[in-house]
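See below for the structure under consideration.
Think of it as A, B, C and D in the order they're written, each chain with its own count starting at 1.
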Amino acid sequence: MTEPDFVWPVRVYWEDTDSGGVVYYANYLKFLERARTEWLRAMGVEQLAFARDTGLVFVVSGLRLRYLRPAKLDDMLRVTVTIEKVDRARLRIAQRVEYDGPDKGASCMEAEVEVACVDTASFRPRRIPDFLLERMEQPK
Amino acid sequence: MTEPDFVWPVRVYWEDTDSGGVVYYANYLKFLERARTEWLRAMGVEQLAFARDTGLVFVVSGLRLRYLRPAKLDDMLRVTVTIEKVDRARLRIAQRVEYDGPDKGASCMEAEVEVACVDTASFRPRRIPDFLLERMEQPK
Amino acid sequence: MTEPDFVWPVRVYWEDTDSGGVVYYANYLKFLERARTEWLRAMGVEQLAFARDTGLVFVVSGLRLRYLRPAKLDDMLRVTVTIEKVDRARLRIAQRVEYDGPDKGASCMEAEVEVACVDTASFRPRRIPDFLLERMEQPK
Amino acid sequence: MTEPDFVWPVRVYWEDTDSGGVVYYANYLKFLERARTEWLRAMGVEQLAFARDTGLVFVVSGLRLRYLRPAKLDDMLRVTVTIEKVDRARLRIAQRVEYDGPDKGASCMEAEVEVACVDTASFRPRRIPDFLLERMEQPK
């Protein structure tokens, strides 16, 4: 398994769980996005300012998820971001939510995320700005 | 207890619960808002169109909540809206979340909600439009 | 397009949206689940009582999602449930979130959902009870 | 203003915002709870293990909130915890959500939170364990 491009820690709180005693299935998508947001921030993109300056926003256009083992209240997790493909207006990103306490490194869930760069008003596809394309494509 | 001005039914889903086996404390605020939104809709206010047409949005400026008995997955609830006071730019609303299955009518939580009418851009207080003030003030 | 097995209406509230002005991508999963929950309820399964009586719970083990057009505040949506395949301990369900106001019938998002029947304590796969298998398999 | 007993940083993500462009009013309650949870953790209480070991859980029984200025996407916030009163089975805690970027220290919202220590099964009030009472009462 190759090293991810970015890793972000996440703690499980009451808000994330459901009465099955585990993290509610939709809430993992929040964890995935926090990691993508922090990965963008690490490349210099604050999304609110970015939208104002460029008229662009990144939206998820497709998702493929496999839920492997449930996370629970108080669990410490690691969320990974690995760029798989960069096009002019589109990215494919692999992500993983892993345990970071007991069972460290075991996958809790895995995702493949299609992200599109779109116009904030029309939601039509737009070219990713060059400075960002370059940073996304450069080898680690 | 006087009759509420408006009542809205809410079902408890997995998304609403936490691993304590009950509705997560923040999620009752969603129930309260659904009821206020539907009460506004019943008076002719679709909030997205209203914001576009008038530049106004209603925001909660204060809240007082008492959690009395927990709601659980699959529970059917009733959320009430009772106007307590209408000012030019401000409302005070009493709300209650009640059981609507077994224990019908027993309170699950009670709230007092301060709502302000503000400018969508500046969030400064603005006068509630007359047509709406009149509808809010008229006796049931 | 075949007729879905079940349809559930959903209204978009403030809680569902994000500051991009559209429904937050994770929140569609809540809509999908409300529809699956109501489909189960229509077959006689109240999940909390079902878990207590049988020791079983249905969990999502995999998801494939395509986000097509964004839903917005106040939108009225229809969420469909179509059973694609029923195994002893596993279901594959196609779901769609459609507009139900202007653009009625146009897809907002589409999903393929793998659901597993598992033990509430161990999360190990368990056979779906016969009464339910029969109801799931019977032609509409 | 006295120094808080505990401070926890929170970043605003897409998940927290609504289509008004600000943090959704219910989501501040998640921020408040993350801070209370980390304050408990700093005193040695991991709540899932604590519930298993003692049969106790802390629940919010009352809340008083004032929303002062909206937080937005990408904002960095500080959430404070200040113990106001400790009884045998009950705490009163003051909390504040403050900006931690521009406008550093300005209040975004203020809360007074009543917390009860209850039995996990019956939700009846129970005495807070001595080791914890002592830690809560000791001067900073």
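Basically, a contact is a pair of C-beta atoms (placed from the backbone, for glycine too) under 8 Å apart; a residue touches a chain by one contact, two chains touch by 3 or more.
Since the structure is predicted, the reported quantities are computational estimates derived from the model, not experimental observations.
Peer 1: Computing the C-alpha centre of each chain, which chain sits at the greatest distance from chain B?
Peer 2: A
Peer 1: Counting residue numbers used by both copies over all numbers at the interface, does the chain B-chain C contact come out same (over half shared) or different (under half)?
Peer 2: same
Peer 1: Suppose each chain is reduced to the average of its Cα coordinates; what separation in Å results between chain B and chain D?
Peer 2: The separation of the two C-alpha centroids amounts to 24 Å.
Peer 1: Roughly how many whole angstrom separate the Cα centroids of chain A and chain D?
Peer 2: 27
Peer 1: Can you list the chain B residues in contact with two or more other chains?
Peer 2: In chain B, 14-15, 19-20, 26, 30, 33, 48, 72-73 touch at least two other chains.
Peer 1: Where on chain A is chain D touching in the complex?
Peer 2: Touch residues, chain A against chain D: 11, 13-15, 30, 33-34, 37, 41, 46-49, 72-74.
Peer 1: Which residues of chain C touch chain A in their complex?
Peer 2: So the residues of chain C touching chain A come out as 19-20, 25-27, 29-30, 33, 48, 57, 59-67, 69-70, 120, 123.
Peer 1: In their shared complex, at which residues does chain C touch chain D?
Peer 2: Its residues touching chain D are 14-15, 17-22, 24, 26, 72-73.
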